[in-house]
Structure formats: C-alpha cells, structure tokens
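Two complexes are shown next, each including subunit A; its partner changes from subunit B in the first to subunit C in the second.
Presenting the complex of A and B:
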C-alpha cells in the first residue's frame, strides 16, 4: 500500500493522544495534509484513561469528542491506528517513512454492535484498566474509541473460538486472515507526540508495589474512580473490596530522584489533589494524608491546592516516607519521619497510592529513528538547525493537558515552517 | 583527615558548613540535601537518635558546630546503608556520619570520646592492628573496662552466661590470642593507608586555601 498522493506538503503525526490529535487538526485546518499514526487500536491516548481533569474536574471525553468531530470533518486527515513508525529516511521537506501495521482482524464496516464480544469466551487483561480487570478477547478498547471498531486479540486467532466469533458477526466485518503489513509514505515534517508511560512503581522497592496488598499507583487510582473502570467508580481497595476511606498519597514516587526519574513530573501533585477530591466526594468521612517534599501546583493551579488545603480532612505531611510495609492487621503501613515535628511515624491505611511520574514512552519505542533527546529521554527540538522533527505533548517534557495542547499547536506551526523552508531549498 | 575545625562566631555561621563540605568524606554532597526526610525515616535506629541525619545535616548548614559534634546521631549509626541507598539526591549519609564521628574524637569532644561506639572501635582496632584478627575475648574485655573497673566488672558479670555458651560452641577462643602469619605485611599496608589519607587531606587542605 503506497500512497502516491502524499507529498512533501504532508505532515506526519506520530501518536494519537491529546497532543497528537491537537497537532493534527491544527495543521489540517491550516490547509496541510496530515497522516496521524497511532500504535494502539484507538486514538485518545492516556487522557481517555483519566476519570476527570484538574482543576475543574471536567470529563476528558468532552474534549476528545470535539476533536474527533474535527478529524471526521476534515478530508485532509488520514488516521492509521495499530500502526507504528519503522524507518525514517531523508531530510526536512522530503522524508520517506515506513509504517508497520498490526492486524486488528476487524474491518471498517464494523458497526460496534458487540455481537463478537458476546461470542468470545476467552478473556484477556484489560489494557484500558491497566490489567485491573478482564475483557473479552473480542473487545472495544473503550466507549470513546476512535475508530469505534472492535479488535480481536491475536491470542485466539487460529482457534475454533475465532471461527465462532467470525460467525457471530452479522455484517461480516471479522477478517481472520488480516496480517501484519508495512507501507511507505513521503512527508515533509514529522511531529512526535508519543506521550508517556507511568514510571514502573515496582522499581521503587521500598514502597512495596506489587508486594504489599493495597499499594497502587496513581493511574490505577484514576481507573478506580472512573464509572467505566473496573469497579464502576467505587473507590475500594483491590485486596478485599473494602471502601477506601483512610488513604495515603506518596508524592514524588520515583520522580525527583537521581536513582529513578531525576526530574519533577509536574502533574502528580495536582493528580493526588484531584484524587483527594474524588475521595472526599465519594465518602463524607474520608481521611486523606498526602506525604510530600513540597507541593508543586504549577502555573495557575495554586487555587486548587489552596482549596484542598483548607479541607480539615485532607492532611499534608511534609515527609518523603522511608518505606511501606504490610502492617500487623494486613493494612499497608507507611513509615518515615515527619520533617516538621521530627516525629518517627508508622501510619496504617486502607489504601496507599503512589504518585508515580511520567516517563517518556518514546524512550524505547521508535528508537530506530535518530531523534534528539535530552538526558531524560524527552524529544528536544533542534533549534539552530531545524531538522523537520518536532515534539509535542509529553513526548517533549512533563506537561499537563492544556500545556500539551499548547505545545501541539506550536508544533503544528513549526511543522508548517519546516515545510516552507524545505520548499524554499 | 588532619584539618582542624574552624572557629565559628555568629549563630548561623557558614564556615562550619564549608569546612564539612571540604574535609568530611562525602561532605561535598551535602549541598544536594533537600530535607525530604527519607534518611531519618528509613533509619532502623531513628527513634534512638537525638536528631537523625536529616536534622543533623540542617544543623551543619546552620553552623551549629558544637551541637553536631556532641550529637549521638553520629554514634548510633549502624551503617546499614538504607538511607544512603534511598537518598534521592545521592548524599552518602553513612560515610558522612562516620567521617563526622572521626572528627569529633580527634577534636577532643568528651561526648565523642566517651561514646560506647568509640570505645568499642578502639578495642576492635587495637586487636585488628596487633594480631591481624579480632580476639572476641580481649576486644570485649578491653571495651568493658574502658568505662572504668566498676563498669568492666558489672558488664562482664552480666554477660558471663553468653560468654560461656560462646566458648562451648567454639565461638569464643580461649588460650593464647590467634595471630595472622605475616604481620609485617599488614603493618606496611596500614602505613600505606595512613600515607594515602594524609596525602588526600593535604590536597583537600590546598583546596581550602585556594
């Protein structure tokens, strides 16, 4: 599949999270052709997995919905999901990019009726809920998926179950012969919006993630609080389903640490403040302790911090805990030194949430491409000698959604400039 | 380490912090400390320390020389290295505490000289240097009596049972002290170590002057 129509005036956007989507629509609405590739089966990225956005606590789905409409309306945009970048050759204004696709086993005429999921028996870890529950091997990634099309997990392919799934589809959208593929396109500039992944909490061994029951990370907390999450929005502890009312948040879990992520991830303080708000909304008698080095409510978001600070049921403890262990009652117990009172504490909770940071996902993936990165793995622009490789969103540094969108708009303009320069050559 | 402690005059006197930075092993990393508390919170003896590492480090910055030198925090460290491993800023906590304790003894602080750990370390080192091995019996005796005859007898009596059981299990040696074979070689190694330390200190001293 080669696309002869695409030219050096085309912009390639890699990654279909909020940053990639924004860069795509901005560039396309300025009159440029855009190819958007996303390695997972759906657009939306990490924000689709958030329950609500700070500071206004609005739904992430609403911002996505508007952008999906803009994509659908614009004929200059081509979206390829389950697609990733193989090789990049050439220079600004004239890149040849090879793209690799994974099979979805479901064609575009899928109506998302869900009959295939009904026919499927096997279950897989649900990636949308970070594996906290299961989903059928024929599944829709989530209700806000774009395209709104089912996926069949490769694990069932070749089994009688796959035939049963195929037979269940009344519009014959299941294609069990679907294969991996690759194709090349020519583009003038590339925007890398590959986003982030949660820092592996198990690497902070003294915090017991994966060892001590009811120690979770902050992306799991988002899913616990979400109506479309594993508990239908009830914030309960994973071990026994008990209501999580006494909850501790451990800030800078892995961030600002030379042994882990040396930088401040910028969003986790606000993330935990937001989680405290979820808890206070759900349980009138919730008691929350936030362990911190210093609270960094960046930009104009200080007000959100002040609001929670005034809540007597939200406690701020200035301390980076030493360890989290299983207490005698089985509850997770946080140990450390309160640096204000100089008291050595051991406090037990229903649930402990590690506020893990954001690590650039581009670190590993797409490493065949020679991108300029800073010491932490974030993609940095080549300022003095623009090379047509531009970063947007968290691929460029730890940003929240509004900053990601701003950086995406800037990236779209940069890409347009790169193309203009290429044409001038 | 030969450089002597500076005189400090004002209450918040930075000369002490600077001195520690240049003369204490790992002290140059102290300016990385962000007072997060992970060291004191990780310490298995945290509750038995008067200050704990975090607060002690702040006191160094504040120029509280005498309080630091007299503190038991530097003596109660058991060198488990938990704080050092967990410190997000790479401060070598264990090394700093150890090095501070050496300074305190050398500077003649009574608290340091009389600290149990100092007395034990002295006994231990005497045996290691003399025989190339530690003799449990002599080290223990020397340590017990370092606090005076009365204390020596009291401690000895209190631990008699343990001693007898150790002898029974061949964990404590009786008879002439055991020695390593080539003690002359050991002497040379130790002399070399002292020479290297002096050389490093001289270099650090130059740095202070410049």
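Presenting the complex of A and C:
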C-alpha cells in the first residue's frame, strides 16, 4: 500500500465494526474521502460474530452486506485491515497519523479460492468462534469476511508447511516474506470506533467460568447458535455435546457490580432474551431460567421482553446468584437466594450462560492519543466544541447496535464539522 | 435483433473454472450465438495483467460493456471497475463451478446459460443517464424548535449548511425549556446537569446561517429531496421556501395523565406528573417532604403505551435527587417494576441509593385521594400502604409527535384508499415468531385495523400516498431501526430524537447530528442524480412510457417510498429523487411500461429466455430463480463458498428487489418451458428484513395471484413458489433448491415446453 499523503478533507476511521463501517459509509456518501483501518483481518467486528440481532432476530450479515456493497462501490473509501494506529500528531484539520500493519502473508490478489487452506495441515484456535473450534493455519476468517481474502497464521511461517501453502497458490498471492510495516497519512479528523471486548468472565471467580464444565459466556452462546459456528448451529454443551435444554442465564455477570463493571452494559438483558428465543426455536421442550436484577428492555425492545415473559417455558428469577459449582451429577449448579421468595436454591442445568458485559477495547488502539475518557474508559463525547477526535459506537459507552449506528452517523457529521472548521482557519 | 456493439466478453479460467468447465465452449457461444466482436480468455482475470487488458479495451472505446465471466459480482468489485463502462458479471465461480461437479454435462450447460444471460443483460442494458433537472437547494428545514431541533440546526450550521428552523409554538425550547436540570450525558454521570436549552436558544438566535420562524407550521410540502417546496404558515401569512432535505424534530408529548385515573391522577392536586414536577422545580422550591414516584405510569402497559419510555426511571431519580438536595429531610420513594438506568446511567441510580432514596419493586394497586399509595410489594409479598405522603409523582411516558395534534385528523376522501401507514409490529401477546419455531405453531396475530392517525400531518406531504410519514403501530416512524435507523420511508425526510424512539437527551443530541448528516448526504447525492441508501450511488431511475399506461395506479400505490405521484389526468409521474431504485413499480406494472435504463422486465425475461431449454426427452428440468440481490443472492454465493452442491438445473437471476419481479416474468418463463420458478427473497411481515420494506411481501402477494393464473393454464401451483431465505442460509438454500427440484420431478415437466 502506498504512503500517499491524503488531504485534510480525509477522515480516518479507526475500527471496522458496525460503528466504524457505518461512520465510513455515511461520511463517504456525504462526499468525503475516508480511510478505514481495522486491526483484525476482516471488517465486521463483534456484530459479524453474532448469530442474530434483537428484537427482529434477523442476521447481522444482512445489514453488513449492504454496507459492504456501499464500500465496494465507493472509490472515496480505502480499507486497510490488519492495520492499527501508531502515533497521531498535529491538530484538527491537519493530523499526521502513522499506521502500523501486521503481516497477513497473503497479497491483495488472493481470489479466496481456498487452495491454501487445502494445503495447510496444522490447525489454530478459530478466532471467529472464540477458540471453540479449530481452523486451518491458512484460513478465511469467515464466509462473510471483507475483504474476502485468506490469512496465514504466523505460527507456520518458516516451516515447510508454509512453503507447501505457498506452492498451492496458483495466482502467487502467498507472500511468506510479508513483514510488519508502517506508513503515514494526513487526515483532517479521526473517528475512534474501537469497540468493545467481553468482560473477562473468569474474573467473576464465584461463577466458575473456565473451572466448572458447561459454564459459558454470552458471546460463546452466539457462536453455538450460529449455523457457521463450531456446532453448525446446534446448541449443545461443550463438555459432552449433549443437547442444552435446561439452561440458565445469569444477568449482570460483572456488570452493575462495583468490583467489576460498575455500569450497566445495556445489551445483556436483550441478549439473553434472544438466546432464550434461540433455545425455544431449537428445542420445543427447552426450560429456561433467567436470573436477573432488573430486565432492561428499553423503548421498543419491551415488546420482545413481553413475548418471552408470556412464554411458560421461560422463567424469570429475581436473584443475583451467589455461586455456580459442579453438581453431583457433573451438571453446573446455580446457587443463591431468590430475592422475592427468599427461597435458597441450588438448581442444576445442562448449560449455564453468563451474560457478561462490555468493556471498551480502546485501551490498545490510540493509547498514544490523549483522548478524554471517563473512569470506565469510555471516550467522553465532545458535543459543543467539535474537535477532530470523535468517538463512535461502544468506544463512547455501552450501546446496542442501533445506538452504535446512531452514534457513528453523528460522528460522521462531527468529523465533517471538524474539517469545515479546519478549512475555515 | 439486439445490439452487440460495445460488448466485450472476458472469460476467466482461474479458481478451478478452467478445470471444471470448457471455457473454449463459452468462447464459442459468445462468438457464434451472440456475434460478440471481442472475446478474450485469461487464467487470472482479476490479476493486474488481465485488468489492464480490459481497461485498454475500454479506454480505446471499443468496449463499453465488458461482460466478466469469472467470480461473483459481490467480489473483486473494485478490480472490475472501469471508468465509463457498464460492467456485467457472469457468476461462473460461486454459482457454477463451486457448487456443481466438474466436467459434468449439466455444469457445462449451466455455465453456458450463465454466459448467455450475462450477454443478454448487456444487450438490454444502457448506461444510466442520471436525473438532475431543475434547481437544487442545500438548505435544511428543521421542524421543531425543542432540544433536538435546536441541536440539529446548530449541527447543520457548524457543517456549513443553511437552516430554516420552524417551531409551532411562540417560542423555542420545547418541553425542556421549562426544566431546571437534565439527565447527565457526560461525567459525572451521577449528578443532574444544568439545562442546556437556554444556551442553545441563544446560539441559534445568534447564528447567521439559521433563520427561525416561531408560531409557524408547515402547511404543505411538495417536490422531492433537493427540491422540496414547503409552504409555511406564520400567523395569517404563508411563505414558500425551497429546501433540500427535512429534519423532523417534533419531539414528544407526555402521555395524557387523564387516562391514568387508576393511579390517582385528578383525585388530588398533589398527584402530579413528572412533567408537572419539572415545572414546579424550575419555578422554585417544592415544599414537600414525603414524595412517592410511580414508574411506568402509562408505559409498558398494553392498555396505554406498549413500549418502555426509556427515560422515566432516570428522570424520577433525578427528581428525587433534586428534592433531596434542596431539602435533605425529604423522603423519596420510587415504586418500580424494572428499574432501568442503562449504561453509565447506573451511576445515577447508585447516587440515589447513596442519597437515601427508597426503591420498592412492586405494582401500585391504588392511589387514594389522601395520597395513600398501596403497593403490592414484590419483595415483601404483600400489599403495603404507603401513608403520610404529601406528593405522588406519576412518571408518565413519551408519546411521539408523529402528527400535529393541534390540527384536525384528516378524513379519508370518497374513493380514497387507506395509505399504507401502519404495520402492526408490536403485539405483546403473540408468541415469539422465530423462523422455524418448533413445537406448537404460534397463533396468527390479528392485525390492528389501520386508521388514520390522530392529528394532522406534520409536513402535509403532497404525495399520492398521503400526507403522513409512514409509521409503525406504536406511532414511531417505519424504518430499519436496527441497522439503518434514519431511513424513513420518505426519502430526504429524517425523523430524529424522541419522535423516532423514546430516548434521553444525550442520545437525542446525537440523533440530531445523525439526521443532519443524512440530510446533507441526501442533498449531495440527489444533486448528482444518484440514489441514497441502500442502492447508494445508483444513477438509474424508473422511466414510465405513458403510451401503454392504463392508469391502473398499481405503481403509485405499491411504491414503498411514495415516489410516484399522478398528473391531473391520472398518469403516474416519478419523482426520481424520492426513488430508492427497488423497482417495485416496475414489478407492479401490468403493461411493462416502467423500466430503468439498465434494468427492465424485458431484460429479466430476455435473460430467462436466453437460456437453452432442453425438451422433455432430455429429462433436464429447468428452474428459474429470481433472487434478491441483498440476501438470497449472497446466500447462494456462500453455498458456493462452502462447496455445497445443489441441483444444476437452476438458472439464477439477481434482482434489485423481489418487488421488481412482475407476474409477467413468471408467465413468460413458464411459456418458454421453465418447469418451475422460485422467487427468492427476504423475510416479510412484522419483522420484515426487506431493505425496500415491502418487496418480499409484494412478491408473495404476486405469487399468490399467479396461482390463479396457473390454475387457468392447468398448471400445478407447486411450479411457482415465493421463498424466504436469510443471508446466512448457505446450507438451507441448497436444500430448498433440491427439494423444489424434487417436487418438479414429481409433478413432471411443464406441458408448455417446446411450444
């Protein structure tokens, strides 16, 4: 890729999840050049790993497809994957940003034919499925990856296997000499759409994640339910592949807890309700218990909550469980006190899902940049004095998809304002 | 005879295409059947060398329509972009060699037809001439001068855009003007913030780019994005303005407390709403010591508002904190069902707990005239009378101002059809409608009867489909509220703030900025004659040949975006800048007189007819699939990507939207001998996914009508099916095809074959 200096009318968007993608297409269609950088090999971010969206239970790839088409047809957009932001210098209207690239070992002329994956022998943990299954060391991140281009895992570089992979490529797209690199661009404004990561469930020690079999988190549940997930959409327990019919959801696993995430992560209630719907779709006789403090189904999402509340096989238990242990039968057992009935319970399940919250993943990206953050690490929005540093999506707070798009569209405007301001100087 | 001039065929033999099919045979078809002057083969068409070769052919002027027979049009899009050329793609990889056995006769026949269809498409496609007639305005009209409208006006001005701000009351500031403090949207999140509205009013009034009209309503809006003509009534006079786009920020009104008699409203002057308390707080000290807040007063209640109003929990907490701050002896009780302080607003909840506010989970059973509130306390499991209160505050919810309630409800005229306004998307009693829901089938949801909304239209649109903005059953505007929340069904008109969805001020401020971005973007695109979302940048638009038009009105009625009006002689007239290029009008027209420069019923039929239809003795049925380009077509691609083999008897044509498919395409295909036809689109109904809102629903309706036609032709109804698939249905889509082909096998060949 060239080191071409871009104009101050260019907007840099950092992060290729739903917020970054939305900010990119909205700004570009408003007539601005946009550079979108994403640190992983594909755009799509967390939403690409979701099975369905609440409350319509529609597939995230549907909206992504439209946005990818908008990107593909718009020459004002440049996308760099496996690229992250190094240093940022300058001021609103005139930033110089150094971008660091990681080697993909596959060039842009890759046709995604898949011959390299056929030649690869070793397997790596599949990042798309949160390591719940394996993928070849030469892999396409997933069927809806954008760009649709393979990646070679660094672990095989230097081995005879790598040479075999290279030899399998008929269009000479494998570049085993690919190295880390960096280049500079000039931009007028920067949108930080660096997204989130699931809160580490292992930190909530009493819930046994990683210790007790068949205790998983909510992002893993998404993959279990997805047709392109590790189980081809069958919701089964990881330990023995048994159908997960009796399932517990533990809300606020980490959220609304001053020892972990003091804020509410907003999406986890609807997430678990959606998961309950997945289970009800798959197993007519599923029995679901949702342990909650408050069910936060704001605005129109209330309708989705009401539907599930009316389902006799979905039970809502007001309680913050005390612990999750391995029961005598080996099943995970949820223990605690029902806040309403005061009953002490110990209920065992096929599967327990921790509705873990979101924390901003912006710690790495842009760490050299002095962004104003709140005590939780979210970038504080700068409303009335547009400057060239703008946060979008979950980088700015715990938001759902619709709100991320809203925030990203607003960020696109703020970037345009910053450029207008720069030009006025 | 069609025009082969300007067509160049480029065949790729890479990605196993050359090993699976005979590419030379394709070359032969291009030369012999189509007399295409240029046909070249390359082993890696997307490589630099081949791309340069095509670019040279285009640059030399010989090739205007390169037909690229290689991978799916969804990939290598940027590689195969050539200035001044209309690129046509034939999907030989994902939909031929990756999902059918190599070296097989049927695979080759499919590839041959794939090329025939692409060349036919090229012959029927002309370079679109964009519509850019008349003067365009860059100005944005903002309707509503409350917090969101003020914010929108300032946001637009900061981006260098002129704004006309119209407010129906005699002053700016809306609901928030009368408040003392507001919910915080920046740290510290636990402390109510000063009201920003006075500052915003001053900024708007001092902004040279913003002109403000108060006491004004939009009496009429005609035209289209870039060229809206708005009539504004101000006092007795009416003025006319040209604007490019409209941001609707008409906000909300509190739910009518008179409907909350069961919560004591009206029984005592000390039962007040949260809005009334705001005004009391702003006016000065509220001398009350024991105050109970009743949450969800009207919200989350099927008899009142089905939705959660999102802000009332935070607002009651803010009120409690304000009362306690003014007088530390105040006892505040918040009676709630679910306490909702999402995101960082949790800090506010915690601050209230620290300040001693008492939160009670339970249902309110009654509120007496003596202010005794009986709570069915969920934790205690018994009814608790709260006595000694000196004020009860009803946390009433938000009703969107989707109409102007000061104006009379518009009556339907005689002969006038109900405009497509409401979609009953919310039915809180219906079971979960998940695709493939197992066990007992959910009962059919009875649709609410559609009625004209209460109040007058906000913009009084002079659109054939009526003056209102299409809205959902809950009163909020119809949109793809998850992925594309701003896209209303009236192009260039962007509702935002609590009009769009109940939201707090932090979010509403962002929403104003987002809507302004969309307004600026639309103006820019329509100036170039380009479409806005989802076919952003599409330069074509529907053209109607009036000669054959029978004035049937199907196009004007079925357009999901109200883009087609009627002349005084009842002929349809397209407003190109309102159009989103789905082609629903084209599919609706019974006399095929609506077409795009590069897309038409004739094109689709010609493509279908260009395929070789073997006679019945060959025992090779043919099934035509008309596939929505956004969901079904990618699903078929992904079936290829995962090498999921399915019947090679299908011929797939991507369509802008299933709504653009005419019943005539189906009967034409049957008449040339196709044995079956699949209309493959996305999910319709309450949770519709169609990005043109009604496309797949229209297809189903048309497929149902076709059943009658089939019966009259003595054909089995199984021959035509409308299928709903989702984009990630790679596995399922193959199964659906195989099952359909098996059904066709059972019922036998189309008797019209060969006639």
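Just a few scattered comments:
We take it that the second predicted complex is superposed on the first by the 414 of 425 C-alpha atoms of A that agree within 3 Å, B and C clash if a C-alpha of one lies under 4 Å from a C-alpha of the other, contacts with A are read in each partner's own complex, and residues count from 1 in each chain.
We take it that contacts are C-beta pairs under 8 Å (C-beta built on N, C-alpha and C of every residue); 3 or more make two chains touch, one makes a residue touch a chain.
All of these numbers come straight from a predicted model, not from anything done at the bench.
Because the two structures share subunit A, they can be overlaid on it, and in that overlay subunit B and subunit C fit beside each other without clashing.
When the shared chain is aligned, subunit C comes close enough to touch A:70, but subunit B does not. Once the two complexes are laid over each other on the shared chain, residue contacts for A:374 go to subunit C alone; subunit B is not touched.
After overlaying the two complexes on the shared chain, residue contacts for A:206 are found with subunit B alone; subunit C is out of touch. Angle at the C-alpha centre of subunit A formed with the centres of subunit B and subunit C, after superposition on chain A: 120°, rounded to the nearest 10.
Once the two complexes are overlaid on the shared chain, A:339 sits against subunit B and subunit C alike. When the two structures are aligned on the shared chain, A:252 is found in touch with subunit B, with no touch to subunit C. Once the two structures are overlaid, the count of subunit A residues touched is higher for C than for its counterpart among subunit B and subunit C. Once chain A of one complex is fitted onto chain A of the other, the partner contacts of A:322 are limited to subunit B, with no touch recorded for subunit C. Across the superposed structures, the minimum distance from subunit B to subunit C, using CA atoms, reads 5 Å. Counting contacts as defined above, subunit A residues 256, 318, 339 meet subunit B in one complex and subunit C in the other.
Those residues of subunit C whose C-beta lies close enough to touch subunit A in the complex are 14-16, 44, 46-48, 71, 74-78, 81, 155, 158-160, 185-187, 189, 300, 306-310, 338-347, 350, 361, 378-379, 381, 425-432, 434-440, 474, 476, 480-486, 501-503, 506-507, 509-514, 516-518, 520-521, 524-525, 532-534, 536-537, 630-631, 634, 638, 641-642, 682-683, 687, 689, 691, 726-732. Put simply, subunit A touches subunit B in their complex at residues 206, 252, 256-260, 293, 318-323, 335-339, 342, 344. Partner subunit A is touched in their complex by these residues of subunit B: 34-43, 46-47, 51-52, 54-55, 82-83, 86, 88-90.
If you check the complex, the residues on subunit A that touch subunit C are 25-27, 29-31, 53, 55-59, 61-63, 65-67, 69-70, 72-75, 109, 111-113, 143-144, 148, 170-171, 226-228, 232, 256, 262-266, 277-278, 280-285, 294-303, 306-308, 310-311, 318, 339-341, 374-376, 378, 380-381, 383, 386, 397-399, 401-403, 405-407, 409-410, 412-414, 416-417, 420-421.
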